[in-house]
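Presented below is the structure to which this report refers.
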């Protein structure tokens, strides 16, 4: 973990409520896709946890969905704004466990950490299948970016306005050879993905309201088969075997 | 009183701790020199009261001395910053009472409202004598601006490094024909000026910690010979006769 | 169309938003800014039997998320209010007025309230029992269930208007005080008054507020106020006016879900003189988001 | 050169800054960030007899100027702490440790404290009496002078280490509780624990925190904490650890002027993991501005 100032370089609106932010700063603490940053915002006491969508030596890519005041303020920062950021938080995905037929399964804003993950899996020589789910076509984003990575891309929307009609789980069922999932999205989606019988294993990224984000306050702990774990420090990625719903 | 957004146009450092700010916005609520504005600052619950140094149809001139976090933040705003301002607060000086030999007496940051006052008295055909006091020469500011108005200017510094050595009261004593004072400055100065035997009358601008700044909370009231008065609404200018120390 | 009207012990308010006592004077300053008739009601400055000059300066201090005040109940006294302010209120506000009444003895509370019997506009008495009891070593009436009940009874004996007891949060068990007031005949409760706090001036190394302590209000107290409204809602079956830190229509809705039938807005008016107006204007949209067509459905909606 | 050292009931701290219980775990996370030996002490996470899983999610909510938590005393239990955490603390911190101890009965408090008798590093016991008494309808020990005194007495009987009772602010008269603890032999007091608060989630219309209520901490509680430190300083002649909303060296100085001999920093660590380090670094300059060469001169400096 590192506490340092990042500078907002640019913000781009992707959908009615979702934005892409590029920040520049010291990313040396970031070690794995699936980690997150915790961002201080003026006038807010608690920091806001946001997944690292992707990163380079000097920059961070974030995708942010506006749900309340904090995210509202964040996406409206003007280029040049300095942000106090704790970077490199959480365990991140473990690529080495993904096997030969991994699938990345993301729903809504949960697709964010899967982007950097996909890129690194491709670089590591094991390109994943990527299944993305949205409520409707107008909510979809980052399809071109994922496609440009060169992954097999499966899109599902609840209303069928884009890709197949249905849920991410329907996409996954259509590729029964995929037996290991790396997933991030809303809780009902994670739960449905977790229950798919074709999966031998998987890694699931969880959310929790956080006091600190670096393991000190026990604000975020959840029960697992291996005892209580801190979503912020022992997670946000939990493993299929250990998850209790 | 008017609540509206002002835009910071420029900030200029005058001394080690004192700044000149120019704001643009709707000044229609400003009716007299000696009135003040109450400025909202991000992260601060209470607004910060600042005297109107001068104003035009579309702009406000403020002089701000950094004493705490609020004033620190205010002078560091970048041009373009929008500020939520209550403008045209307080009674202001009454020029019509100043007689033939008025003197304006200001100490430190208290000289701010005297500038717009001097200009308006000159425009009204009764140029005042202006006596300004500072701790030391390095603290002095706005001398050229006052001089450019064309007033008789008397400067005193406590250490004699600029003008006469001594206090504003010493300057005033040196012009015994001045029998009416309009004054703003630290409390001990106001008290000393108030006690000068040569004065037939005068107006004194007071400070108080304010809850609202527009007369609603009774946070700022002080005793006067005419009962308790609200510094923010019935003041900040109190008259020689009514003041109790 | 959302119906914003609420009912407080038989008194109909066109909406639940009420400027809190001490932050709205007797309405004069705000009437210069907007039409007060958009408000559900307003609670006038705490009024005592004798005129009071209040505490010495400074009376105000700042803190993160709020402020401290030690105004000390400065007010012109009940007779002057009836003679000078009430006729002016008639000109600027035509809805039901809440009369906030202070006192330093049980008799004073009763006398002050009795003097309002013939004041038509005053539809609700709000009895501030955060005042020190001069006959009891200066202990606040509101910090002891017995004296809270005594004040309630004394006031009820002299008035036919609904009596809302305004509770202090500086107690171990607010529900106990609420029950005592209910048992003594209160028609409703208003909570909370300010939390007791203090700041020290690092420049003088002395308490910043001349009175030493001051009352904390503003957003910083909102969760404490909300919790107390919840507890009191569970404890008694009286209408509650929720107060403490409310600054937005969302806050007002949260307060109502906790159990408030109406909501007072205090310190927020001082920071933004249009706060109550803005809240009233935003309430319909918040109700729509929450899926209610009658705002009164929100009251207590978060219980069970 | 400013002398920052302070003395807490005979225990010398190199400076008055102490991370508060529950915001610093057992030191592990912060030891990765900075050398803990710059701290005066640290108060470890509230430790109970049995391991505790704590409350369901969510446990955290935000508010203006602070936060609410309902962690529910999640901790591995006193035995595991002695076996696993104490040896690790030996590696990362070499100053005096404050052991924060919780309990749900008087016996449990005493047993837990007794188990620390042979733990050399623990120089002070900080007994958190904001816990519900399971034998007494869940009423907090700290909200009643008698049970506060009983816990004090029981703990004092089993330990030679200085005992600091950590008081809850959710009481009518904190000085009364302080006097009860002092009378029962407490060596010092720590205040305040969190204020009881609550938030409601407008999306679900249910309490945001699964436990319904949570403890309010952060800058929003600072003036309340300061006032209570002042009151307790006037009421008893024991050293006080001031706690509540401290976020800067200036806040720490203000707390000491109100009567604190040392200062705990809680929620500020969560927002800024380097908060305590920064405060320690800024203390000398603040002391110089205040004109003191021994920081301990600040203690109680604002009283007459």
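Per-chain numbering from 1; labels A, B, C and D assigned in written order.
Everything below uses one rule, namely that a contact is a pair of C-beta atoms (placed from the backbone, for glycine too) under 8 Å apart; a residue touches a chain by one contact, two chains touch by 3 or more.
Note that this is a predicted model, so its numbers are computed, not measured.
*Asks:* Taking the mean of the CA coordinates per chain, how far is chain A from chain B in Å?
*Replies:* Here the centre of chain B sits 55 Å away from the centre of chain A.
*Asks:* So, what's the distance in Å between the C-alpha centres of chain D and chain B?
*Replies:* Taking the average C-alpha coordinate of chain B and of chain D, the gap between them is 46 Å.
*Asks:* So the centre of each chain is just the mean of its C-alpha atoms; given that, what is the distance between chain C and chain D in Å?
*Replies:* Each chain reduced to its C-alpha mean, chain C and chain D end up 34 Å apart.
*Asks:* Can you tell me which residues of chain B touch two or more of the remaining chains?
*Replies:* Touching at least two other chains: 43.
*Asks:* Can you list every residue of chain D that touches 2 or more other chains, as numbers and ranges?
*Replies:* 61, 63-66, 218-219
*Asks:* If each chain is a dot and touching chains are joined, what shape do you get: line, ring, star, complete or other?
*Replies:* Ring.
*Asks:* Pull out all the chain pairs that touch, please.
*Replies:* A-B, A-D, B-C, C-D
*Asks:* Give the list of chain A residues in touch with chain D in this complex.
*Replies:* Answer in residue numbers: 1, 3, 40, 43-47, 86, 208-212, 214-223, 228, 233.
*Asks:* Can you check the complex and tell me which residues of chain C touch chain D?
*Replies:* Result: residues 61, 63-66, 68, 143, 170-173, 195-200, 202, 205-207, 212-214, 216, 218-224, 226-227, 230, 245, 250, 253-254, 257-258, 286, 289-290, 301-302 of chain C touch chain D.
*Asks:* Can you tell me which positions in chain D touch chain A when the two form their complex?
*Replies:* Residues 22-25, 28-30, 32-33, 45, 53-54, 57-67, 69, 71, 74, 218-219, 267, 269-274.
*Asks:* Give every residue of chain A touching chain B within the complex, in rising order.
*Replies:* Residue list for chain A touching chain B: 42-43.
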